[in-house]
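Below you will find the structure I want to go over with you.
In this document, chain identifiers A, B and C correspond to the written order of the chains, with residue numbering beginning at 1 in each.
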Amino acid sequence: MAILKTFLYLLIYPGFLFLLVYSTFCEWFDRKVFARLQNRMGPTHTGRFGLLQPVADIIKLLAKEDIVPERADRKMFSVLPVIGLAIASTAMLLLPVWHFSLERPSPNSFPGDIIVLLYILSLPTLIFFLAAWSSTSFFSEIGGARVLTLLFGYEVPLFLAVLGPAIMAGSWRLAEIAHFFQQRPLLLLANLLGFLIAVICLQAKLERTPFDIPHAETEIVGGTFTEYSGKKLALFRLMIDVEMVAGAGLLAAVFLGGFPGGVFVGFVHFVIKTLFVIFLLSILRAVTSRIRIDQVVNFSWRYLAPLAVLQLFIILLLKGFVL
Amino acid sequence: MKIAALLPELLRHLFKKPATVDYPFKKLEVPKDFRGTPFLHPEKCIVCRACVRDCPAEAIDILTVNETEKTFKMIIHNDRCIHCAQCVESCPTDALEMDDLYEISAFSRWDLKAEWEFVKAVVKLKPQPSGTPAPAAPAASSSEPPAGGGSQPS
Amino acid sequence: MKYSVPIGPQHPALKEPISLRMTLDGEVIQDADIRLGYNHRGVEKVAEGKTYLQNIYLTERICGICSHSHSTCFVQGVEKLLEVEPPRRGVFIRYLVSELERVHSHLLWLGVAAHEAGFDSLFMYVWRDRELIMDLLEMISGNRVHYAINTLGGVRRDLDEGQVKKILDSLALLRKQSEYYLNIGAHEPSFVGRLAGVGLLTKEQAVDLCAVGPTARASDVPIDVRKDDPYGMYGETPFEVCTADTCDVLGRTVVRIKEVLVSYDIIEHLMRNLPAGPVAIRTPRRPKPGEAVARYEAPRGENIHYIKSNGTDKPERLKVRAPTLGNYAATVEMLKSGFLADIPLIFAAIDPCICCAERTATLVDARTGEEKTVNFSTLRALARERWKNAPLKKDAVWPF
């Protein structure tokens, strides 16, 4: 029975099926908000309110011809999208959305899972780089180089920002951090600065405007994905959607007090909090223009990283004198 | 320099009606004098061939069907037509006019061909400012209002 | 590591085919080369087989964005040959369309530049406002892109009171919105940060390389045919030539934004002082043998049409110098030592209209002759050496 339950968890909710449905919904939400911010309509006709548009896009891509460049490393080229999607979905396993009881932890909630989650979320970047490198095109190679350069920009501020709440809660376990802030919701305000930094870094991690440099279509055509088409591109797009949900979930768990209250209330918490984070990401996308790669590195090391250190300092002071 | 200067404007638009139109389902109206596709009033055509001469795209043909019965055939090749309405302007008897349709695509260029077979009309020419009849006049343009055009002081 | 990246002939940043070959060192451009000739349509040859009246519509189709500027420039030249003067009301309406076109072209450019910079919100807002101008043009002329309002000796359609009122109403709305959005766009740090200091073209270079239009004016070279060689009613219309001295893409943006606002003023002036009378006069079909040159300030810069007549109703020769062609040489200079990320912006900043320029694709090919021995850059170096010490002819008179 317990095994059946675990399988149910893994496959239906909050596992694979829920993840796919919810990530397409999140893409729809992002597109709709982005369009409405720009006085446009956004997806309208596929399904009610265009809800099925991301699904339709993916189905359409799946039906398209699949081309592998002649000079590309065939195996690597083909297997990367699958690995990428698997990695992004694995990240979801570690989110404390599964009603973890602190006394009887399930195997996927353990001290240090926040570190594992952060590292798993870093892996897609590597996948992008490898994908770009193995497709042997000028534009992909430039895109791949930019992916790695971008990584140096946002990774450290993101880690520093997420470190803050963990230090405050005195735990490396996501469920415990969430539980700590559920007990003392006011302390969340102390992390406001860290939350904003993390949102900006998540935007960079997802390579969305203003950080869509690796696949800036007006400069380097498709960038990383120039040579990808058909099924593989569909998997990559799904992977980015899943990564968005997982990233938003991480931020919601660490900065917004997690998802308390069992399966059903926790579900509502999860949806509202992740959509809030995605809404912020959409606004950030609408309000800015793409910046250059040197400006990104400049910006993150001149402003983001020091601000993250400042946030950490504030938390240490709070922890030392107030708590 | 403010940070995120566009933000209030963006948020204001979040709850406004979109500026775009749901096109194939809702259509905008074209203005009064929209230049659509030319069509012929066969009862007015005097076969002066002014339209054939002036058409920049060579889209109008007038063929003689029967010389003695004075029947003619006008073909407008809408696949070549550039919708400039010069034929309407050149026509001395207002036999050509523009409609206001704008969804005029077709699957084949032959579907775009419009034909009229008619007997040459005997119509009194409208008076020209210079007094000469239009087909013979070397006029590139006249100060007549275009067919269905706006009011024009002259 | 040095490598060369082809931008074009087909590339998402270029809406029209042109080939830019960039030699890159990392992300920095070392050298740039422009190859033309992918869009040659033989318009000038076709023009020789059509009557002057038909050629109005042909020249209009040289370009899809500044269609009115080509047809107006052609009509100006033919009217010189025919020795006719269009009536004043016709002139006012002709240049009203002209200024509306300038506004729509500049707004279009601003949208494209915002898109190239990845600032899609500004792009959407600007193009939404541009739709008002397109509606006005459709109302005046009956079509949105090819207005076909010009004819020999005037214009084809008149304005009535209601239309004048509608133009003024839309203008008031547009002015409010434009000022607001342009102000906001100019204060978005990530956007301004992308534009400032990119694609430098000094004043001397702009003069040497014969840059025209907003590209030259952004390098503080106040050239504007409307002011320097007034045609139509521009001699009596109060307006100022907009310049900027930053010499970069930001300057080109600022110049265009200022010009949009100046154009609003001109349109308002035209509408308030619209004279009564006919809009067109009858003209002969055959000009006397002779030749004429017409100059016109298109949204992208100076547009030149040369027309040679041999006494028949068809021109013997039509030569078009589109403004984009005048800016190519300057573009190569701007691209050098820029970033790869700036190529689309720099190239977009001259507002290139390749279909305008491509009729005259012989610049590179014909002048270089054997491409292998003399390439474009050495040619340019030679040309610059030749003209380096030559004094500028400040009081040069156009020879006609």
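We take it that a contact is a pair of C-beta atoms (placed from the backbone, for glycine too) under 8 Å apart; a residue touches a chain by one contact, two chains touch by 3 or more.
Small disclaimer: the values here were computed from a predicted structure and weren't measured.
Chemist: Where the centre of all protein Cα atoms falls, which chain's Cα centre is nearest to that point?
Modeler: Ranked by how close its C-alpha centre lies to the overall one, first comes C.
Chemist: Report which of A-B and A-C is connected by more C-beta pairs in contact.
Modeler: The greater number of contacts lies at A-C.
Chemist: Report the chain whose mean Cα position is at the greatest distance from that of chain A.
Modeler: B
Chemist: Approximately how many whole Å separate the CA-defined centres of chain B and chain C?
Modeler: So the centroids are 28 Å from each other.
Chemist: Please work out the Cα centroid separation of chain A and chain B, and write it as a whole number of Å.
Modeler: Distance between chain centres, rounded to whole Å: 56 Å.
Chemist: Between chain A and chain C, tell me the centre distance in angstrom, where each centre is the average of that chain's C-alpha atoms.
Modeler: 45
Chemist: Two-or-more-chain contact residues of chain C, please, as numbers and ranges.
Modeler: In chain C, 121-122, 125, 128, 188 touch at least two other chains.
Chemist: Give me the residue numbers in chain B that touch at least two other chains, ranges are fine.
Modeler: 4, 6, 10, 19
Chemist: Hunt down the residues of chain A that sit against at least two other chains at once, touch-wise.
Modeler: 37-40, 286-288
Chemist: With touch defined as at the start, can you tell me which chain C residues reach chain A in the complex?
Modeler: Residues of chain C touching chain A: 3, 5-6, 11-13, 27, 114-122, 124-125, 128, 188, 190-191, 193-194, 339-344.
Chemist: Which stretch or stretches of chain B touch chain C in the complex?
Modeler: 1-6, 9-10, 19, 30-35, 54-57, 82-86, 89, 98, 129-130, 138-143, 145-146, 149-154
Chemist: Hey, which residues of chain B end up touching chain A in the complex?
Modeler: 4, 6-7, 10-11, 13-14, 16, 18-20, 22
Chemist: If we count contacts the way the header does, which residues on chain A are in touch with chain B in the complex?
Modeler: Interface residues on the chain A side: 33, 35-41, 44, 283, 286-288.
Chemist: Which chain C residues qualify as touching chain B in the complex?
Modeler: 50-58, 61, 121-122, 125, 128, 131, 135, 138-139, 141-143, 146, 148, 151-154, 156-160, 163, 181, 184-185, 187-189, 192, 276-286
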